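The structure follows.
Per-chain residue numbering starts at 1, and chain names A, B and C are given in the order in which the chains are listed.
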Amino acid sequence: MIETVSLVDQYCHGVLRTELGLATFEAQLGGTARAPAPAPGTTFFDTQTGFAVRRWCPPLLGLEPHCPPARYLARRRELGVLETGRRLLRSTGISTYLVDTGLPGDLTGPAEIAATGAAEAHEIVRLEPLAERVADVSGGAGTFLAGLAESVHVAADSAVAFSSVAGARAGLAVSPEPPGAGEVRGAAGRWLAGRRAGGPLTDPVLLRHLLWTAIGSGLPLQLHAGGGFDTYPPDGHADPGALTGFAAATAGLGTDLVLLNGYPHHRHAAHLTSVFPHVYADLGPVLARTGAGAASVLAEILELAPFGKLLFSSGARGLPELHVVGAQVFREALERVLGGWVGDGAWALRDAQRVAGMIAAGNAHRLYGLPDAS
Amino acid sequence: MIETVSLVDQYCHGVLRTELGLATFEAQLGGTARAPAPAPGTTFFDTQTGFAVRRWCPPLLGLEPHCPPARYLARRRELGVLETGRRLLRSTGISTYLVDTGLPGDLTGPAEIAATGAAEAHEIVRLEPLAERVADVSGGAGTFLAGLAESVHVAADSAVAFSSVAGARAGLAVSPEPPGAGEVRGAAGRWLAGRRAGGPLTDPVLLRHLLWTAIGSGLPLQLHAGGGFDTYPPDGHADPGALTGFAAATAGLGTDLVLLNGYPHHRHAAHLTSVFPHVYADLGPVLARTGAGAASVLAEILELAPFGKLLFSSGARGLPELHVVGAQVFREALERVLGGWVGDGAWALRDAQRVAGMIAAGNAHRLYGLPDAS
Amino acid sequence: MIETVSLVDQYCHGVLRTELGLATFEAQLGGTARAPAPAPGTTFFDTQTGFAVRRWCPPLLGLEPHCPPARYLARRRELGVLETGRRLLRSTGISTYLVDTGLPGDLTGPAEIAATGAAEAHEIVRLEPLAERVADVSGGAGTFLAGLAESVHVAADSAVAFSSVAGARAGLAVSPEPPGAGEVRGAAGRWLAGRRAGGPLTDPVLLRHLLWTAIGSGLPLQLHAGGGFDTYPPDGHADPGALTGFAAATAGLGTDLVLLNGYPHHRHAAHLTSVFPHVYADLGPVLARTGAGAASVLAEILELAPFGKLLFSSGARGLPELHVVGAQVFREALERVLGGWVGDGAWALRDAQRVAGMIAAGNAHRLYGLPDAS
């Protein structure tokens, strides 16, 4: 009843290029930097993500749903990583991928995802690795800061958005104002002096300076804002309500903010989208990671968020299975929630179909200025 | 199955007196002081509140449910603001309105709502505007504080409750103890010296003094305690758990507290009602603003709150459509949640009907000492 | 469809030995140290717990479900407290009770529960009362600290786990590192000097020292971590996210942590189990206290927690009725949630049955090293 002809995946990463064994595949399902392996006696297959992969993916490779993981992996190797990727990505109904290229590891980039998935793809530039690459080739604070400004400016020409993990590195309660020039120069000098090549940017002043540099570009800025996985704030407080001050300070400047990874604070993220015209919220991993429970989570996000402020994504990385799960779980949750409300008489069918199209693709087209595919 | 013959709307405001165009009407659906207009490319009609208005109100004016907003507004103007108000309010089943008169703007007062709605109405006095009016006519700290005490005392004679937005102005983590007399006098002197007529009360010491003055009156005290709309705390932390200290300090003094606007922290608000005998929770905007999703929210509030501690309200302001939505969404959510539990055998039908009556009206009758309408 | 042949109740207390009148029985349903009696005009029977007791227990004593409380109490007295306890506990399907013996009051211990319930029982030792008993017989800081180390060591030989209410006494944001020896000795000296026999341990340094002493034992450590009832943190902030630092500091040491009482932050607790291999979460009062609403709460916990990290408990204390409710509510919620997902095709039936067995008993058997009952 609620159809979404094509999807814009507004936040995802590339997939691994190599053939995968069972352990590597499993680690991609639930591993984090903190917990790369499951607890003794448990497996990451015994999660909503694991069950969702086993539900949706085996049929795409000619197997029964819910078949044992070892059987699925054997079939995956039989087909090869390229053919598997092609079959999986082309099943998703995703017509445009926005790809955050800022993760380490040998992942496919936008062009390769586009080719494999027979779709469009655009780049999202993650700010912190960009700054770290600039630092790798900078002599001192002055050249670093000039290089940073130049790099953000150049990236803004080709990227569709910037993303940031500043919240995960220095906490979500970002001081609302941009740091002063002297403060930034001092922080840059100290950081560069103590840094080895490749060292991560964790200085709060520089992280904040980076956010404000991106704000100046006018591109939408995606903020990892919640209890996600590898991007959990060090103090454990992941409530995006802490971003209220930053949102207030950036209102009316012409740059939109997109809150990523709100779970389990997705209602707070949704609430912020109702308070600030320039704040949007991503549905991605919030739904993809909760699998069979995703319809309830989607319904919660739809309680307060204006329907024009929500954006589908898969949040996938590493495995094309996760792009499949993101798309399928989203579609099914949308059908269940919106279809249910139509069945109750609470929503008109025409409105439900319109809202489904907005969340699936229309809002992203408007926000990122994407060419209309239809 | 679960019938609620009459409702006490324990927290609402009046309605606008003038004919409304589409933009003004839309702003009333979702606008806030921070975001009076929707984001470009979006509309406040595309929200749960907008869809709920389009569901319930057109039939009351002789139109199809879910008809386009422009059609509904045209019909509204055809009938006139008075006749529209009469038709809408008289459909709600609300027999008593408790009206917070502390909002600015040309809104109808309790007597006018009672006449339009063929119901009873009583006044809730908001503390901060009361203090600001006293300050407008006070020469210095001494006359201000004496005038304040007198005004609260007089208001307590005619009002059924006090309300406060102290949490939204100075954060929810209210220091539990009343400020000392010298501290209050000093704060009053400084505030009055720097104030122009009409200036808002934001001094934390005076806000706290005001709360304790109201506590002394014995009338129930309604606290805006959550993520609501225009009453969001400046630090973004809206968890009513922050009120734990204030609740502990006021326990046993004979004054009851009513937590308003708990969403998305409504479970925390419900939890506080289970911990403190003198703490109650309002259901109002929590349900009215979540529309088709309200049944899930109601079920969550009913997880931990003693059933004698919950109070229906519409939380409406500006549009009689919002009183309609508040009442209808509440009734439907109650039927769905309590009726479902009866169907499962979890609750007895007689108990469910009794609890419905308590939340709809009985608890408010007891708490506010209202004459029994039945 | 989803059967759980036997349950391990991984966290509960004993039951009262005396015949109970209506008021005493009612206080056990909802009373807390802060609110031993309900608000005027209300009763603790009008709660989810009260309704769940009235649903499940009367038939076990030969009465109709949902019969009036007075009738149930009369029948209870007619049978006597021993026969009532036998009938109730033996109906639960609980084959092993893990009993926290650290509550005051005349409650039955593990051996007596085992005999009454025809089951196995093991002891959980609560750390703070253990330390207080040591303090009662210690002359000074040196003997106290030596006695404490010895007592924890001895307890670890017979207990299956330690439990702690440090979060409720000093806040959840436990400083992650163990306190230094000098700091501990100083705190012990000050505390003992100002203490009367039986006085509670509330010193933050000693509470932290106690946690790290237990960590050294290798036994699982159960932490009261949420908005529970008598164990609510003094600042009202019960988000187990605050335990992130402690969890990070204890990772890889060989001691597992079990988060108790997560509600209403159960999603955060579940999230922590997905981030840290050594962190587990309890379902107990989270489900038992939410009664008819428990299925939704269980579904939320299952969104992100790996299925190997969740543990059934009743969290019961005082009344065997609460053990019954804990078990019945859990079973019904499991059937509804997992059965629903199987019905939707989201989960395979075989997987659902396997996960049910893990949460009901298997995970507890593995974590606590219990002999396999089957």
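Keep in mind that, in the parts below, a residue touches a chain if its C-beta (ideal position, glycine included) is under 8 Å from a C-beta of that chain, and two chains touch if they have at least 3 such contacts.
Protein names from UniProt, one per chain: A, B, C = Amidohydrolase.
Treat the numbers as computed from the prediction; the structure is a model and nothing was measured.
Chemist: Is the way these chains touch best called a line, a ring, a star, complete, or other?
Modeler: Drawn as a graph, the chains make a fully connected set, so complete.
Chemist: Rotation angle, chain B onto chain C: superpose the C-alpha atoms of these two copies and give the value as a multiple of 5 degrees.
Modeler: That pair's rotation angle lands at 120 degrees.
Chemist: Residue numbers at the chain A-chain C interface: does the shared fraction exceed half, giving same, or fall under half, giving different?
Modeler: different
Chemist: Just curious, how far off is chain C from chain A if you go by their C-alpha centres, in Å?
Modeler: Distance between chain centres, rounded to whole Å: 37 Å.
Chemist: Which chain B residues reach two or more other chains?
Modeler: Residues 296 of chain B each touch two or more of the other chains.
Chemist: In the complex formed with chain B, which residues of chain C make contact?
Modeler: 30, 32, 34-35, 37-44, 46-48, 51-52, 54-55, 65-66, 227, 229, 232, 234-238, 263-264, 289-293, 296-297
Chemist: Would you tell me which residues of chain A are touching chain B in their complex?
Modeler: 239, 241-245, 248, 251, 267-268, 271, 274-278, 296, 299-300, 302-304, 306-309, 341, 344-348, 351, 355, 358, 366
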